[in-house]
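Two complexes are shown next, each including chain A; its partner changes from chain B in the first to chain C in the second.
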Partner chain A sequence: MKIELRNMRYVYPTGDEALKGIDLLIEGIEPVAIIGQNGAGKTTLVKHFNGILRPTSGEVLINGENIQNCSTAQWSKEVGYIFQNPDDQLFLESVRKEFEFGPLQIGMSKEEIEERMKWVATLVGLSDKLDIHPFDLTSTEKKFCSIGAIIMMNPNAMIFDEPTCGQDVDGNLRLRKIINELKERGKLCITISHDMKFVVDNFKRVIVMWKGKVLLDEKAENVFSQVETLKKSFVSPPPITKVAQGAGLRKTVFTTEAFIKVFEEQRMV
Partner chain B sequence: MAKISNSFVPKDTIIEELNPMTKILAVFSLGLGTLIFPNSWLGLIIIIGLFFVAYLAKTLKDFTKIMFGFGIPITVMLMFIQGCYSPKNVTIIAEFGFLQVGLEGVLYAFKIISTLLVFLGTFYIMNKTTYTGKLVAALTNSGLPPKAGYLVLASLNVVPQMQRRMEVIQEAQGARGVEIGGGIIARIKAYIPLLGPVVMSALTDAQERGMTLETRGFGITGVKQTSYVEVTQSNLDRILKAILILFFIIVVILTVLMKLNII
Partner chain C sequence: MGKVVLEVKDFSFRYRQTKQKAIKNISFQVEEGSFFCIIGANGSGKSTLCNALVGLIPHYFVGKMSGEVFVNGMKVEDSTIADLSAKIGLVFQNPFNQLSYTAGTVAEELAYGLGNRGVSHEEMVKKVEYVAKLMRIDHVIHKNPLELSGGQIQRVALGSTFIMEPRVLVLDECTTQLDPLGSEEIFDIVKSLNQKGITVIMVDHEMERVARCADKIMVLDGGEIVAIDIPERIFETPDIVKHRIGVPDYVKICQSLREKGYTKREIEIAEEPTIELVKEALKG
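Take a look at the complex of A and B:
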C-alpha cells in the first residue's frame, strides 16, 4: 500500500484554505497516527485518501494511480474510511445487513462474505448481536459496527477518524486488537486521534498537523521529545511522558515500566 | 470541518442593514398589492424594481437564476393551460392547428405569474439578506411569543442542517461503495439508502435540541426574555415602511376605483 501526496492543497468552496501544500508519503503497513488541534486539517487530509474530497491543486496518488481517475465508490475497495459519527454510516435494519452491504456493493462473493463475517464479527465483538438493529446498540457498539462494516469490504488501507472518541477502556483495548490484527493481515491503518495515550500505545509513526500543514512526521519518540514544536500545535504528550520530561529523563518514555527503567539507568550513572 | 454556507451570507449591503420587519412588510405589501391589482402591469414594474434591489443586495446573479429558473417553466405551463383552455377566452389572438390562444386567458396567466414572481422575488431577497436570528428577534420584539419565534427559527434552520447532514451521509455511503455520481437513475438509487439516516438523525437531533433548550431555561415562565441579537430601526426603515404602507393603500384605492369603472 502506498499513499503519496505531492504539494497538495485544498480550498473549501467558502474560500478557506484548509490544506496548504502537503507532501506526504505513507508506504507499507506500519500504522500511522495523525494528531493536531481541531481545525488543523486532519479530517480534510484523510478525506483525500479515498477521494471523498478532491485536491484543489497538487496530486494524490494511491498505489501510483491518481485519485482523480476513479470515484470514491471505486476507491472504497482499496481504501476504507470509518466516519467519526456512526450514525452517518449505518442505515440498515440489522448488524448483519450492515456488514453485508459494502461487500455486496463492490461485488464480493457470497462465500467470501460468509467467511469474513465470522472473523469480523468476532474481531469487533458483535458476534451475538448480528441480528440486532444498529440503533439498539450502545454508542460504543455502534462505532464497532461501523468499523466492522468497513473491514468487511477488505480494503488494503483503513482510515479511522477519531475511533477513540467516546470509548471506554475495553473499547480502546479492542481497537488496539483490531489495529494489530489488521497489520498482521497486511493492512495499513491510518488513525486520527486526540487520545495521546492511545497514540503512543499503538503507533510508531506520528504525523502532527498544524494550520493546514504537516508540522512533524516522525517516530513517536522523536515527535513527543520536541516539546517546543508540540506546544505550537497545542498537542500535549501523554502524562507519563510529561513527568519524565519534567524530571529530566534523557529518553522519551511512554509507559510506567519504561519510565522506571530509564530512571533506574540514569540513577546508576 | 467542511463549512457549508447557510442561506444567509453577510455582504454588508444597505438591504442587509434594514430591519427584518421592513422586509416582511415589503413582502406582504408588494405581494398583496400585485395580487389585488386588476392587471399585471404593476407586477411587471415591481419585478423590474426587484432586480434593482437584488443588485443593491449583491445577489443579482442568484436572483436572476431563481427568477428565470422558476419564471420560464411556470410561464410556459400557465400560458398553455390558461391561454388555450381558459373558459374566459373570447378574443382569439392566435391559432396553432387545433389550438386557439385566447387573450383573456393569456392576460390571466400573466397576472398569476407576476404575482407569484413578486412573492418569490421579495421572499428570496428577504431570506438571502436576513440573518434568521435577527429576523426572529425582530418578530419577538414586535410581540411574537418566543416559542413561536423558535419554531420559525428552527424551521428555517432545518433545511441547511439537513443539507449538511445529507452531504456527510452521502460521503459516508460513497466510502462504502455506493456510487453517488453518474446518471440520474444511479443517483436516485443512491439516494434511497440515504433517506433513512437523514430522517432518523433529523428526528433525534430535534429531540436532543428540545432537551438542551429545556436545560437552558427556554421554557421558563413569568420572565421577560431579552435578546442577544440587537435589532435596530433606522430612519430609512421608517421611511420605507411608510412608503410601503402608502403604496398598499394607494393600490387598494386604485383597484376599487378601477373595479367601479371610475377610472
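Take a look at the complex of A and C:
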C-alpha cells in the first residue's frame, strides 16, 4: 500500500484554506497515527486518501495512480474511511445488512460475504447483535458496527477517524486488537486520535498536524520528546511521559515498565 | 457531611426494551458544592443514572422504576422537567441529542431555555453574549448550529445548559468531541463554577482528570455501586481494575516505585506531586 501527497492544497468552497501544501508518503502496513488540535486539518487530510475530497492543487497518488482518475466509489475498494460519527455512516435496519451492503456493491460473492461476516462480527464484538437495528446499539457498539462495515469490504487501507472517543478500557483493547489483526492480514491502518495514551500504545509513527500543515512526522518517541514544538501545536504528551520529563528522566517513555527502567538507570549513576 | 443537595434512595430502573435492570437498587447522597465523579465501564449504568437525576427518567424514558430521587428536597418523579431544569442541568454525551433543532442560529439555541422561562429580551441578550464568550463560540453566534464542527456544537450544548444557571450540573462525558486542550478549557470553566458553589456531577473516562477534579468518586459496575470514596482511596485499591476501569498513570508510577522500595510515600493522584515524588526517589 502506498499513499503519496505532493504539495497538496485544499481550499473549502468558502475560501478557507484547510491544507496548505502537504508532502507526505505512507508506504507499507505499519499503523500510522495522526494527531493535532481540532481544526488542524486532520479529517480534511484523510478524506483525500479515498477521494471523498479532491485536492484544489497538487497531487494525491494511491499506489501510484492519481486520485482524480477514479470515482470515490472505486477508491473505496482500496481505501476505507470510517466516519467519526457512526450516525453519518449507518443507515440500514440491521447490523447484518450494514455488513453486507458494501461487499454487495463491489460484487463480493455470497460465500465470501458469509465467511468474512463471521470473522468481522467476532473481531468487532457484535456476533450476537447481527440482527439488531443499529439505532438500538449503544454509542460504542455503533462505532464498532461502522468499523465492521468497512472491514467487510476488505480494503487494503483503513482510516479510523477518532475511534477512541467515548471508549472505555475494554473498547480501547478491542480497537488495539482490530489494528493488530488488520496489520497481520497485511492491511494499513491510519488513525486520527486525541487520546495520546492510545496513540503511544499502538503506533510507532506519529504525524502531527498544525494549521493545515504537517508539523512533525516521526517515530512516536521523537515526536513526544519535542516538548516545545508540541506546545505550539497544542498537543500534550501522555501523562506518564510528562511525569518522566518533569522529573528529568533522560529518555522518552510511554509505559510504567519503561519508566521504571529509565528511573533505575539514572538512579544507579 | 454538609447539606445534601441530591439524594438517591433504593433506586432501580429497567428500560422497556431490555431484560436486565440498568440500575439495581442503589442509594447515595451528594453534598452541596462538591465535585462528584461517576466512573465505570460502558454499560455500567452511568448515563442511565444521569437521566434519572435530571428527571428524564421517568418523564421521558419508558421503563420500570422503583425507589426515589430527590434534588434539593424536590422529588424528581413528582416534579416537571421544566421545574427541575432550574435546579439541575444535564450536558449530554452526544451534543446532537441536546440541540432543540428549532433554532436558526447559535444565539437562538443558547437562548432557547431562557425563552421558555420568560426571561426579558434585554437580559437574554446579555446572558447569551456572556455565555458565548465564556464558551469561545462568540465568533459563530450567527451561524446555524448544524454548520458547526463537532467541537463547536459540544460548546453550544454546554453553553445552553450553563446559561440556565442550575445549582447542580450533570456532565455525561461532555467533551468527547473536543481535543485535549479544548477539554481542559471546558473543565477549567466547570471547576470555576464549582468553586462558586455549583455542585458538579461528572461522568468521564479520563482517569487523570477524574482523580484531579473529584472530591468523591463513585464506581459503578453492572448497575450497582461498588465503591464511593475519595480519589486516593479509590485508586490505591488494587481490585479496582476488576471493574474494568483504568487507573491514572500517576498512581501506576507511585505504586511501582513503592513496590520496588524506591519510596515509602503514599500514592499521588496529580502530575506535580508525582513529579516531586519521582525527583525525591531519584536522589535516593
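In this section, the second predicted complex is superposed on the first by the 269 of 269 C-alpha atoms of A that agree within 3 Å, B and C clash if a C-alpha of one lies under 4 Å from a C-alpha of the other, contacts with A are read in each partner's own complex, and residues count from 1 in each chain.
Here, a contact is a pair of C-beta atoms (placed from the backbone, for glycine too) under 8 Å apart; a residue touches a chain by one contact, two chains touch by 3 or more.
Everything quoted here is computed from the prediction, not taken from an experiment.
Superposition of the two complexes onto chain A shows a clash between chain B and chain C. More residues of chain A are in touch with C than with the other of chain B and chain C.
Look at A:V227: by the touch rule set out above, it reaches neither chain B nor chain C. Contacts of A:L25 after superposition on the shared chain: neither chain B nor chain C is touched.
Applying the stated contact rule after C-alpha superposition, one finds that A:I52 touches chain B and leaves chain C untouched. Of the two partner chains, chain B and chain C are each touched by A:G39.
Contacts of A:Q167 after superposition: chain C is touched, whereas chain B is not reached.
By the touch criterion stated above, A:P239 is placed in contact with chain C alone, chain B being left untouched.
Clashing C-alpha atoms with chain B appear in just one stretch of chain C from the list 93-101, 237-245 or 255-263: 93-101.
Contacts of chain A with chain B, set against its contacts with chain C after fitting on chain A, overlap at residues 39, 85, 87. For chain A in complex with chain C, the residues that touch the partner chain are 36-39, 84-85, 87, 136, 138-140, 165-171, 194, 196-197, 234-236, 238-240, 242-244, 246-249, 256, 259-260, 263, 266-267.
The touching residues of chain A, counted against chain B in their complex, run 12-14, 16, 39, 43-44, 47, 50, 52, 71-73, 76-77, 80-81, 83, 85, 87-91, 101-102, 105-106, 135, 149-150, 153. Residue ranges on chain C touching chain A, taken from their complex, read 17, 41-43, 93-94, 96, 149-151, 173, 176-182, 205, 208, 244-246, 248-250, 252-253, 256-257, 260, 262, 271-272, 274-275, 278-279, 281-282, 284. The residues of chain B lying in touch with chain A in their complex are 1-5, 165, 168-169, 171-182, 193-194, 196-197, 200-201, 204.
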